[in-house]
């Protein structure tokens, strides 16, 4: 049995949630998890259909993207994941998908405004969208630079990765994370639902304003932080 | 066996309809029921996923929100439910969800106009939307005030809770009710369908008028009241 | 065993297709069939959920809406069905639903234009929509008058019920028919798909023209009439 | 056992993916495959519902549309398939469907622009749409001319069938292909997803530009050609 068996199983289970939650067709998604003590990341192998995936297939790499254990190549998005783990020190899992409504907002290069309490239950800010990448970054170490684009938008907007657990990469699609791989997929599912709700809302009334700050704060802080008391 | 076993089972069954009817992802919803004689309300416990819920988990509280029976905390929305039970004396069950199209109308702060006979089969009026809550109410006893917003819009528009069994809370989402918990979820499902139909109709023709009063009355009164004769 | 056992079973099977094809929630639909030789119609009983329906529950009435056999009340829409059977002499089954996109077009009181070959494979014309009913008709024998509205639009547009097997009743929803109950539900399913395709097409390009007559004729007549040769 | 047993089974399996991927209702689709050495094509028989289809039902024809083996008529679209096989020499399977969003773009006679990396992962170009067919072609050998319309748009836009594996036939719907029947259905599923993503993107922001060429090239060439390295 692998030293990283429980990490592999958590990452495997989280990957299997992608098709169950209909967040992607075929293999258009991947989930990773980190064991901070061991300094290793478990991630979906490259190009394997979800219905053929087993816990043993999960590839273990270190934070410099070097293979530690596994018979298959890790997902090509591995460098994006490891960069985020190095800079977002509180997170334990990352989920990348091509879920349909979130991709549409990413392609439109629009952040998703906070229009209601479903959104405010999860985050105060809009769901940020990165800048479109420069040609130099695209032609350089692309998957690493994808991570940098995410770090940049968090830096510029002064966002915290433990408060805002989702982002849109411009022209590409969503990344979400959380304290473990299961929470990362949960946030990817919530993001897709928020993306759909915002789409419909702005079709009904294109001038819908953001919800008022007091209502955002009420919903966010009754679920998060030291005064949290809420569960549905 | 609990004194409130049949209430718990009815509330449990109604809660399980939420994922079956796809009215919410994860735990974004809750159903309660009331035993008017015993003066107690059964409601979903806070934060429990539907697929782990059992009838025994249903929490029993009184109309002043005091715990009567149960090992878990009641849903944080309990105060909204109990306020409605105290003022809407004919209702026996309440369902709150974050169903996608209904939330979109609530976020757009738009009532859902009566555009066709599917709507008129269930209610004469538009589906009302509350005012956006004041900062003072939000920062006060929020879940109680959510109930007050609903009572206010019913008072202002002179609506009867036994005739209009659904409402949108501005920037938040839908509440529906009925003579028992099962009927409350039925009405929440109907509301979501009416919300989608109205969305599509106004996209096809933004100037679609309300249907004529005689047609509303025909459809409503052939199903409701003393001259009812209709079933599909 | 009933004299009308095979009619009951055909009508039962066709009714069960409504939830399978997701054409309606709850009991928002009904299918009937006719035995022209016996002069009787089998139809869904009023208000029975599909998952409780059995073949024995199908109600048999004559063409004057008199009960012939059955323990339950026939669907309240029976008079619409029997009027259509009396005037559309070639049809053997009728299906009424509240399918979402078809209802949206009916509520917008817009016919569905023939925009592509999926439509032309089934009918040459637009899918017609009736006039909004007059107050006098609504307050009179309403379900009978619903049938009259359908007959009127077919008369005015000079349509044949064996060529155009679907219609939208203004502010209400779709009726479809065919040579037997199964074909009626097939046409109701096709109508819903055409309604969705037309909705999407006109959102992409609001000025999309009808397809050219030669293409309509090619698609329709390779599947219908004496020179038909087509199957996918 | 048939000489063409493995071709029949591959074509059968690929056809069964159409309902599984919800690419068509009823029989609104068909898949074929070619055995280049034997010079024969296996294709779905005409008008058979997917749930009655067996591998033995697959019809074998030669590239001149002459029956080689089979008890049923081949799909009426056979001439479109064989013409494509004769001119697109690298392809091994073809899939035609009436999937909803792809049909909407075809009916609007609009190519699907390349708006994001999900698209660029599969092709560099827009998904092309053919010209509307002339009356003479429609009234001539229609299914053969449908293939000619596809060849024409590839010739005019200087596209390669091994790089662009999908097309919209104006006023009709999508065709997709690949190195075998399974890959053809894969591409038809991807096309439907791209069609939906583009629809949503342009609703959110009608002025969304194509993604930049460097990003298209990065995504396409990391998955295709001699320098490919990508898998999700």
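Labels for the chains are A, B, C and D, by order of writing; each one numbers its residues from 1.
Here is the rule we use: contacts are C-beta pairs under 8 Å (C-beta built on N, C-alpha and C of every residue); 3 or more make two chains touch, one makes a residue touch a chain.
Just so you know, these numbers come straight off a predicted model, no measurement behind them.
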Q | Minimum number of chain-to-chain contact steps, chain A to chain D | A | 1
Q) Which integer distance in Å separates the CA centroid of chain B from that of chain C? A) 33
Q. Can you give the whole-Å distance between the Cα centres of chain B and chain D?
A. 46
Q: Return the residues of chain A touching two or more other chains; collapse runs of consecutive numbers into ranges.
A: 203
Q: All pairs of touching chains, please: list them by chain label.
A: A-B, A-D, B-C, C-D
Q) Along chain B, where are the residues that touch chain C in the complex? A) 21, 115-118, 186, 189-190, 193, 196-198, 200-201, 203-205, 208, 211-212, 214-215, 218, 222, 229-232
**Q.** Touching residues on chain B, where the partner in the complex is chain A
**A.** 25-30, 44-48, 73, 75-77, 96, 98, 100-101, 103-110, 132-133, 135, 138-139, 142, 171-173, 199, 202-203
